[in-house]
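Next, two complexes with chain A in common: one pairs it with chain B, the other with chain C.
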Partner chain A sequence: MKKLKYIFWTVAFVVLYVAASAQQQRFPKPEFESGYEQPTTITPEPRALSLEYFDVLVLLVVLSLASWLVLKKRSRQGVLWLSVFTLIYFGFYRDGCICSIGAIQNVTLSFFDPAYAISLTALLFFLLPLAFTLFFGRTFCAGACPLGAIQDLIIIKPISLPKWLNKTLGLIPYIYLSLAVLFAATGTDFIICRYDPFVGIFRMEAKFHMAVLGVSFLLMGMFVARPYCRFFCPYGVLLSWMSRFSKWHLSITPSACIQCKLCTNSCPFDAIDYPTNEKEVVKSGLGPKRFLVYAVLIPVWVAAGVFVGERTHTWLSKANPDVYLAELLISNPEIKNDPDNIDVQTFLASGKTMEPLVEEAKIIRGKFYIGSMIAGGFLGLVIGMTLLNTIVFRKRQDYLPHKGNCFSCARCVDYCPVEK
Partner chain B sequence: MKNKGIIIFLLLLVVVIVAVLVVDFISDRPDRSNPNPFAYNVEEFKNVAPELILYKESKNFRIGFEEPVAVAIQNNKLYIAGDKELKVVDLSGKLLANFPLPEKPLAVEVFQHEIFVAVKNKILMFDETGNALSEWPVPGNNSLITAVAADNNNVFVADAGMRKVIRYSKNGEMLGEFDGKAEEGALHGFIVPSPCFDLDINDQEELWVVNPGLHALENYTYDGQLRTYWKSTGVNLEGFSGCCNPSHFTFLSDGRYVTSEKGLVRIKTYKRSGEFEGVVAAPAKFVDEGRAPDVAADSNDNIYALDFDKKIIRVFEPK
Partner chain C sequence: MEKESKSKNRREFIQSGVRLSLAMALGSVSGLALSKVVKDDYVWQIDPFECTQCGRCATDCVMSPSAVKCVHAYDLCGYCDLCGGYLKPDSNALSTAAENQLCPTAAIERKFIEEPYFEYIINEDLCIGCAKCVKGCTAFGNGSLHLQIIHSICDNCNDCSIARVCPSNAIKRVPASEAYFIKGDFTKKSES
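Let's look at the complex of A and B:
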């Protein structure tokens, strides 16, 4: 039976690969003999559809394997080797594209731009990890994300961050997510891809400043484990939400916790919640009064966020090239005569006049007006809820992984002496 | 403080990360854009070493067309189509005859004493004095005829719109068509991204068709079987560059090729084997980014180039 399975998968792989290899270049590549430097593209070269589906299949297999290794096998070693595979396949071989994190933008754009059709691959890359997380926790982060893998492998001496700092920095992914959705919805930019610190490393052709960004994150990751995943990743926000409701999640101990505390320092991500001391909580004065104040403040935070969004929408909309160009040409019309200004010259060469450009810019700014207020309101809500969470008392008797923040890397299970 | 060194290091990294993000975000704006760093300078390819130029321009003459379209040569006469007219001039440029056409012409071919003019969705056949002999339709909603070639019994029509070559008898009976697809994996079909799709028949009665997307000249049997081909890609002198070249070609008396390119406008000759031979007219002779001249050659291997931008016939003689 095993042999049959092996033959089936081998044949499937060969068929897919051969079909893809049969594709041929439509045009001969330009031949440059003068040492011309070709511009690097944001996305890698298009891939045969069959290979794209093969990538989805690989993701599905890796997610299944990661979930099995974490929940059933409880093997840190297995997760580690799986993440090495992920780094090689989805990172270096697939050039870090398409990734589930960036797929947020494709999904967003497909909702807001009727002319944009999201590919099935992008949709599945977005949905599959979320679906798996809803059932098994963040096993995607553990073994299927190349960005997570590259950071996970270089953790040397992780330091524990104070809780307040973890909470404060933990707001950045929400800001990043809001901006990414806002920019994608308005057709402005795919900022998640643009500021992906590792994609240039995967492709080995990063611009200098992006290489600096990637290396900085990696250096930081030696001491602050997975800084991008914890304090930047916008997809992590969605995964965190899903994981909180996960049906089966990694547990530190396979059966009853014996409170040995061996696992307390095992998590480099500060994602283990300690048992709560009810007496201390009562003594600290955190009570219903404070809870009510914080709860009442939530609408205030939302209103403040909406206000800030409304105030900043003009500034934010300038990130859109059409808006910026329209403003620039109105305020500085002589720039039309600058032959070296590639953006202006491209606009002039397109034959478009100022009227449609200004009209388009107005429409985009209108979208930013609404979008910025929604984003601001959302961030206000997140801040309000985060503050409220700091004073909500949850009774815990054991050492438990924080379901939202835990990457299911299974480091902690190796520290637990309890056997099944 | 515990881990003081690490914390200072981390703070420095935070500053670097924030600085990179901010600088990148604000620097990529239209008023701060640098001149295109990836602009490809083709100026150097416009210069051709004098020893590689095998022809000299001996004369040129105006043809009086607002919109010249094509040139063909037969019996020491030039047949030039343009506007809604066909002009016959001798090799010195003297007008011998002209006759009106019912529609704007797209291509012209002369074989012995018969003139073939392609107009939209139609081939018109005339005798030397301009009497209509016959006409037949070329079907296809997207049809765009770019070249015609004829021999004793056949008329081949290059249809850039439908990306195929259609073979007719001289009575207008369709004898076949082909799209250049050879057996699996051997060669792509005709790739014609722009209306530059030429064909011609040489002294050996071989049908040659340009596959412009592949920068190739392909030889087909009359029933559309690929017999052989040669190709040359590159902006260097030996190659064809961009999309879609060679735009036009013709044969010299001994079967060598004369090719004409757009973009980097130049006329060159190639040996029968497809090996680069020399330059007829270097890019400096033409308008920058101009159209590729249509070319014809007489029995003395003088080359007549229809310069669409200057609306003249330019004559190039071997040096």
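Let's look at the complex of A and C:
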């Protein structure tokens, strides 16, 4: 009888123990007798939300101030000091993040990924400069962009680039923008942030290749003024569209131009258009014929762009980690035995099978297929339009800032001898 | 003169027309985005249950040392003398001697409390987020040591460079009001 009771208790104990151990940690927390008090885990709070809104407020104030300084006050001095403030606040204090240029990707991803929520700050950082530019020209570039400010302050001896080079290099931002939107829309990468050359300088630490890139941009910027803004900035594309049709814009002269030509060399960015020589244009007689040819060529450019996009989509999609991993595992199955490949080992250890990964990769590649063709077509259109633009005749009698390319830095204003 | 003013008028008309359509485009973009806008700010967070302690947090963060640190969920700790997170597997004594410590920067402090229990405290200033102790604690102990992004250090980059290389996609964007995921339980909450 006693034996039976013993067995019963043992069984009960084992059953209870197994049941309990499924719900209990390996080494249960001890019950202390010495009055020990458990410390709390340290969790410092993130930056307060009110401070994020304060950044938006600062941006709004800086934008208004820049527009006022450029359009009303016409003061290069004021813009200069404002850009110093921007560099210190948005650059060195805020470490270059959040910025309007990168916000393109947040907005794009919020359209394409239903699970992605965009913060109000990011949306406002994207919208405010565009809205201001639509009314006042690119005053954002002049005074409110830390990337522009750092380049503007180191211009030493700007050289004037030939027009064809300016136009050709000016196509790069369109390529950069299309790729950034493509990669953001497919949820692959935020390339604008990843390859921001100046963020490492703002933070005073960067990976070696990014530091080299940043410093070389600055060195180049001493002679080719604002190289990033003119030939890379993807946000500059959108700003340039807005600025071309802005309601008001910086004017070199406060009243009537007296054709003194003093301002011609004042612009480091080659953004001043000279008066057109009507006689020369008429004499060449090539205008209408060339116009027709270039206009007909636009669909060809678009088709070529779509073709290139279609050809490159496989290659582009490899930037996506899922596509890359799936391809790697299919093309190179022995990599599964490589203990040093962390990505493959983690995938294998996670117990996931190949099918869902391949399925996911196929979906992403499909997105790239469509996206690359759209991007290619867009770039083709841009090339065609740029070519067409070179021969469109616009009558100009005065020296005027090119509304699309002018950064509203107000340098030229100081050169104009005309009094108000 | 009249001709000139006519062409000027036409140009202005086109200008304002395009301006209006650009404004409308901006408005529709903002309207579309507003439907998904969240007032809260977003921060990066590690899901400690997804983390595989690959060690990339230490090397790939834009901050150096990394903004990822080991945190200690004391509720889970067994206060073991033989701590898998503190001591090397082949350590020759259960002591604080440097050659026995798993942590490469000696960022874990071991304090005697009462027989046979020891408290382990992370010195955040020394921790580099290499996850060696996390690996040890998860393999041999309760898993009370785990990695987390410390938001007083994190720059909150738009594109987190460790999230990009995380092999198990353990790093996610979360609302700033729920910035920390500290293991409170040894099982994932959603399972219960």
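Simple rule for what comes next: the second predicted complex is superposed on the first by the 370 of 420 C-alpha atoms of A that agree within 3 Å, B and C clash if a C-alpha of one lies under 4 Å from a C-alpha of the other, contacts with A are read in each partner's own complex, and residues count from 1 in each chain.
Methods note: a residue touches a chain if its C-beta (ideal position, glycine included) is under 8 Å from a C-beta of that chain, and two chains touch if they have at least 3 such contacts.
All values derive from a computational prediction rather than experimental measurement.
> May I ask you to decide whether A:Leu127 touches chain B, chain C, both, or neither, giving the answer as first, second, both or neither?
Once the two structures are laid over each other on A, A:Leu127 reaches chain C alone.
> Who contacts more of chain A, chain B or chain C?
Comparing touch counts on chain A for chain B and chain C gives C.
> Return first, second, both or neither, reflecting whether A:Gln105 touches chain B, chain C, both chains, or no partner chain.
The answer is second: A:Gln105 touches chain C but not chain B.
> Return first, second, both or neither, reflecting whether A:Phe223 touches chain B, chain C, both chains, or no partner chain.
So A:Phe223 only meets chain B here.
> Counting only touches as set out at the top, which of chain B and chain C does A:Trp241 meet: first, second, both, neither?
A:Trp241: touches chain C, not chain B.
> Per the contact definition in the header, classify A:Ala319: touching chain B only (first), chain C only (second), both, or neither.
first
> Of the partners chain B and chain C, which touch A:Ser350 in the superposed model: first, second, both, neither?
Touch status of A:Ser350: second partner only.
> Should A:Asp95 be classified as contacting the first partner (chain B), the second (chain C), both, or neither?
After superposing on A, A:Asp95 lies in contact with chain C but is clear of chain B.
> Name the contact category of A:Arg47: first (chain B only), second (chain C only), both, or neither.
second
> May I ask you to decide whether A:Ala303 touches chain B, chain C, both, or neither, giving the answer as first, second, both or neither?
Touch partners of A:Ala303: none, neither chain B nor chain C.
> Using the superposition on chain A as set up above, list the residues of chain A that contact both chain B and chain C.
26-28, 30, 32-34, 36, 38-39, 194, 321, 342-343.
> Looking at the complex, which residues from chain B come into contact with chain A?
Those residues of chain B that touch chain A are 3, 6-7, 9-10, 13-14, 16-17, 20-21, 23-25, 29-31, 33-38, 40-41, 44, 185, 188, 191, 213-215, 231, 233-236, 239, 241-243.
> Which chain A residues qualify as touching chain B in the complex?
It comes out as residues 22, 24, 26-28, 30-34, 36-39, 157, 159, 194-195, 209-210, 212-213, 216-217, 219-220, 223-224, 319, 321, 324-325, 328, 332, 335, 340-344.
> In the complex of these two chains, what residues of chain A are touching chain C?
Per the touch definition, chain A meets chain C at residues 25-30, 32-34, 36, 38-47, 49, 52, 95, 97-99, 102-103, 105-107, 110-111, 116-123, 127, 130-131, 134, 189-190, 193-194, 203, 205-206, 241-242, 244-247, 321, 342-343, 345-347, 349-350, 395.
> If you look only at chain C, which of its residues touch chain A in the complex?
7, 15-16, 18-19, 22-23, 26, 29-30, 32-34, 36-43, 52, 54, 56, 62-64, 71-80, 113-114, 117, 119, 121, 124, 141-142, 148, 150-152, 154-159, 161, 164, 167-168, 176, 179-180, 182, 186
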